[in-house]
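Take this structure, written in structure tokens, and hold onto it; I'll ask about it next.
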Amino acid sequence: MADSSTSMRLRLPLLCIILEVILIILFGTLVEYDHDTHAKLWNENRTSTRKDYENEFYYRYPSFQDVHVMIFVGFGFLMTFLQRYGFSSVGFNFLIAAFSLQWATLMQGFFHGMHHGKIHVGVESMINADFCTGAVLISFGAVLGKTSPVQLLVMAIFEVTLFAVNEFILLSIIGANDAGGSMTIHTFGAYFGLVVTRVLYRPNLNKSQHRNSSVYQSDLFAMIGTIYLWMFWPSFNSAITHHGDPQHRTAMNTYYSLAACTLSTFAFSALVNPEGKLDMVHIQNAALAGGVAVGTAGEMMLTPFGSMIVGFLAGTISVLGYKYLTPVLESKLKIQDTCGIHNLHGMPGILGAVVGAVTASLASPDVYGNGLQRVFGDVETGKWKPESKGGFQAISLAITLGMALFGGLVTGFILKLPIYGAPPDTHCFEDGLYWEVPGEEEGHSELHEVATPNEVEKLSS
Amino acid sequence: MADSSTSMRLRLPLLCIILEVILIILFGTLVEYDHDTHAKLWNENRTSTRKDYENEFYYRYPSFQDVHVMIFVGFGFLMTFLQRYGFSSVGFNFLIAAFSLQWATLMQGFFHGMHHGKIHVGVESMINADFCTGAVLISFGAVLGKTSPVQLLVMAIFEVTLFAVNEFILLSIIGANDAGGSMTIHTFGAYFGLVVTRVLYRPNLNKSQHRNSSVYQSDLFAMIGTIYLWMFWPSFNSAITHHGDPQHRTAMNTYYSLAACTLSTFAFSALVNPEGKLDMVHIQNAALAGGVAVGTAGEMMLTPFGSMIVGFLAGTISVLGYKYLTPVLESKLKIQDTCGIHNLHGMPGILGAVVGAVTASLASPDVYGNGLQRVFGDVETGKWKPESKGGFQAISLAITLGMALFGGLVTGFILKLPIYGAPPDTHCFEDGLYWEVPGEEEGHSELHEVATPNEVEKLSS
Amino acid sequence: MADSSTSMRLRLPLLCIILEVILIILFGTLVEYDHDTHAKLWNENRTSTRKDYENEFYYRYPSFQDVHVMIFVGFGFLMTFLQRYGFSSVGFNFLIAAFSLQWATLMQGFFHGMHHGKIHVGVESMINADFCTGAVLISFGAVLGKTSPVQLLVMAIFEVTLFAVNEFILLSIIGANDAGGSMTIHTFGAYFGLVVTRVLYRPNLNKSQHRNSSVYQSDLFAMIGTIYLWMFWPSFNSAITHHGDPQHRTAMNTYYSLAACTLSTFAFSALVNPEGKLDMVHIQNAALAGGVAVGTAGEMMLTPFGSMIVGFLAGTISVLGYKYLTPVLESKLKIQDTCGIHNLHGMPGILGAVVGAVTASLASPDVYGNGLQRVFGDVETGKWKPESKGGFQAISLAITLGMALFGGLVTGFILKLPIYGAPPDTHCFEDGLYWEVPGEEEGHSELHEVATPNEVEKLSS
């Protein structure tokens, strides 16, 4: 598994520069301002049509910024729980997110945003690109501490591409509902990452096991990530729903789901511990499952009542997953899931897909009135009936699972090539391999072992 | 004071699950989407009435998210200043806030939001629920480190209920102004909590005194909380004022009050120290008093000038309170106020109520023009005259104080029962009692004493 | 350089109180609510004119809050990278920002906001005041660790004043474009600060050199600042552009510039390190240069393509500056630039000015249509032609540099007076001089040397 050298001296700069140059060229040839960001288009006969306050910016930019915080602070700090991997958690998260959002703009634009051969961009494409990035960061959670930044960028290239294909099939071809991405983001990102980490299985990972845990301060840093994800999840799920009531309703449904989820998380975290002590791993992760689980149905008339039931269930299965399923996945299926993404994104994502299918199949003009079309555009046009809608939602879940498993498998084998400077088994979960790491405090500058690439070469040979 | 066992194994799960099940049942029977979140209602003749951009969501959701950040990050991290209580500060804050906002939705809806037997919810009810939660978290500050999570949930049940009653009396019966909650939130939460901690007085708390202080890193974590509270307080005070000029004006008044407050806080913090050194306790807390003190008058024509005077005074009395009053409260009145909420919320809350009463009594159509009704709905209708308005504001303060003292007394005695797993005097301010706590760093996993429930039983018997 | 006493006992309180009293008096005599915050003005014939949702609050307040977060959390925590200067970084940032925003409101209002002898305030003046504060905090970065809070406040008095003059010349007299402040904020703040730190040169600063570096945790705290600055920079650059398409377009251009900048930062950080290891200093700072560099051109039709090229260049020159230029500036030019503001704000600011001049000179009705006036008001009125517009942008840069160098020189010599309690060379980068600093953990309360003012007097005599 270990490469002969872990130096990023040439590999990382080369990859970053080549990727960015390609991105810039493609943006130069393919990308254009959309109607709401273009000086000419927006102001053409503007007075007779839309006012400035109707610019998409004012409907969506606050939501976009909340999503942006989730991607960079939320995911980034959530993963700082490891004692010696804080720089990498926040830093690599930063790098692959910055790359992914550019690449996603192109891929998503290519599949479902072309206008006369050009990709139109605005705040909606920015949100969608951040969403796609979220899926990559979920997968990152599975391989956290065991991959080089070059591997992560390569993973992002493939995952973003496949994400866009899957999203295109679900939203544009099947016409499924998935505004908050229970399927497209969470289920896809989770199972893609789980297969990748399975392929990259390290039988001797126990050599780094002493670093694969938290310390007091690192758990507090991780709580910054958790709380931001929790608070802004209502913005995430509602960011690209229809204006007006759907955006409002989605945010509120998510808010209630998360609140109920938090109570079940605390309850089961104490219950499964012999001494009744709470476990930070559960609080940091399972309390968020309620947001994942209403990612599809949140925009529907799920009601606060329904949202709370879903949230309560999501927190419960997530805690139980961390306690009982994760160890089995590792020992039996050889899936080393550093952050437990199966519990936070995998199972709650599937739950969310099922809840979405059921809620969609119950939709009717009696309940939604003239608002039916705003949620289920295709139902209104008579293309499908409510009862078949649920079935198509279920099919969408199956397709997503298939795409994720297939994509993860291929990507995993590509990442197995010994050319990316992957860390040796002895130096996983360790910032010192890829970062200049300062000492803990004055006079203790060598407190922690920090391997130089030369040492690593010796160790891993 | 100490219970025979502090294990949360059964107590916490049982309480959380029972509470959440009750909440879900009550939400199922009582709660409905309001006009702006309901697919059918919003889209009924919508084109002829309100446009999507007039949905309440766009007026209030950004403010809601800022308030949400204050509740979960602001309060949560502000309390992490204790060296060994970071998990509990952020974690219990998270738990009781998630519970309180659900319970508050029901209680506030019951008292002032019923429509044909149903509680209507939307972004405004979400903000109000977060506000009520804020009062509970203020009280939490007084008992921080000395209570079990079960005690805190029980406290929240009673405090939320009484908060809703008091709010109903003030806003609906008396018709008082209190948009930012100087009275309903800060004064109520502070005096409620102070009475609770008085009833729970621990004469032997000095056994845990060595843990009742900060360390370097914990003070920095606390500053995250402080700065977020400070920055978003303008959103807090303006979140539920009338659309347009009142929301805009309130945010600005609060901004100026806080800026002035910060300067007086730094000034007096240095002045009261023999060596002229600044004290983190003051900066973390007193600099926020300016937001509390314009919680009532902020929406009025207080002017930036008036706001700055109020803010300057608030910072001054708050620092002086920390320096001179808190020690006296503890030694003479046996009030052990961990976070000094009397200085941050108590006195500034009363100041805010008085400023509100004076500013209200000076209100006139000359100053407010047609905008008078937007701030003082009842004045406009001739129900009361400006001069009596000030009196009713003062009465509201008296009622709030009475409700808080009475409620805190009853709740305190309920919390005194030895059935909640309260920490023994020797293990206050210690995460290890209720949390799985990791070591500080590799090789030092047992750096801090962590008591198991069994040991605690022995110690406290 | 060192003063005979560093006690802040009287100096700081006196200065703070005098300043705040002056501010309050000036606000009382000069400042009034603007049309959108005034109860009477907003509601005068309101129904026939503007609706509540057209209140400036809803266009700008979310952007304001993002800017506010950048000023207080972004700048504050970015500077916590020093191992023993976290209290001062966040705390002094807090103090001088709270002062500067009040003073800036007056100075900016005096120069370009007077209406019949009164300064009108609202959300736009709040954003502008925060912008001006940003320049002061940039300069703070150069002198970080080597100045007393009294010196910083004195610096702020002068810098804010000169900032307002320069801004008035650029925006009101010349009619330059600089919505995101590449010139007015970044170039001005950087060169002002660099000259100040040059004048305050300390030949014996190496006595404190062991404290002039980071530790593991302090680098993580600094990343909180970095990430918030990075995420909200789109809001910063778009906060005061014209409503509608310019605000939308500016945010998006900045988003792409920053994404590209992040990739070049990681690339060159690894490339310039002999072992290929990433350096936190680069990631924390250079990744932000992309926001600085589109501060002028961001509102123009720069296109995502152009934005990415600019961002890529900005990250590159910033990393190279940290690696190769900063050591030369210190050894040859005696410029001790603690945070490397020349690399983050200086050079990228100039780049941004140049990009702005070029982009402005290419503006044409063909590209902008009716939107031309919204970006280049003066071009539309025929006052200047596009080709001369570029020249005036270049002249604006020259003026800004001149003002910054002159102002920094004068301010530097004023700050050299031995009356402000500046730290001795032996106690730079040390919180203990101005703060009550707790120990690291229980039982280690004297882990770090903390000098009392008396000791300092002895040491520096």
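To keep things simple, chains are lettered A, B and C as they appear, and every chain counts its residues starting from 1.
The criterion applied here is as follows: contacts are C-beta pairs under 8 Å (C-beta built on N, C-alpha and C of every residue); 3 or more make two chains touch, one makes a residue touch a chain.
Computed from a predicted model, the values in this text were never measured in an experiment.
Asker: How are the chains arranged in terms of who touches whom: line, ring, star, complete or other?
Answerer: complete
Asker: Rounded to the nearest 5 degrees, how far is subunit B rotated relative to subunit C when their C-alpha atoms are superposed?
Answerer: Nearest-5 rotation angle for the superposition: 120 degrees.
Asker: Taking each chain's centre as the mean position of its Cα atoms, how many Å separate subunit A from subunit C?
Answerer: 33
Asker: Quick check: what residues of subunit C touch more than one other chain, meaning two or more?
Answerer: 53, 58, 62, 217, 224, 440
Asker: Tell me, which parts of subunit C touch subunit B in their complex?
Answerer: Within the complex, subunit C contacts subunit B at residues 7-13, 16-17, 19-20, 23-24, 27-28, 31-33, 36-44, 46, 52-53, 55-58, 61-62, 65, 68-69, 72-73, 76-77, 80, 86-87, 90-91, 94-95, 98-99, 101-102, 121-123, 126, 149, 217, 221, 224, 434-442, 452-453.
Asker: Could you pull out which subunit B residues touch subunit C in their complex?
Answerer: 53-54, 58-59, 62, 66, 83-84, 210-211, 213-217, 219-220, 223-224, 227-228, 230-232, 234-235, 243-249, 251-252, 255-256, 258-260, 262-264, 266-268, 270-271, 273-280, 283, 287, 301, 303-305, 308-309, 312, 367-372, 374-375, 448
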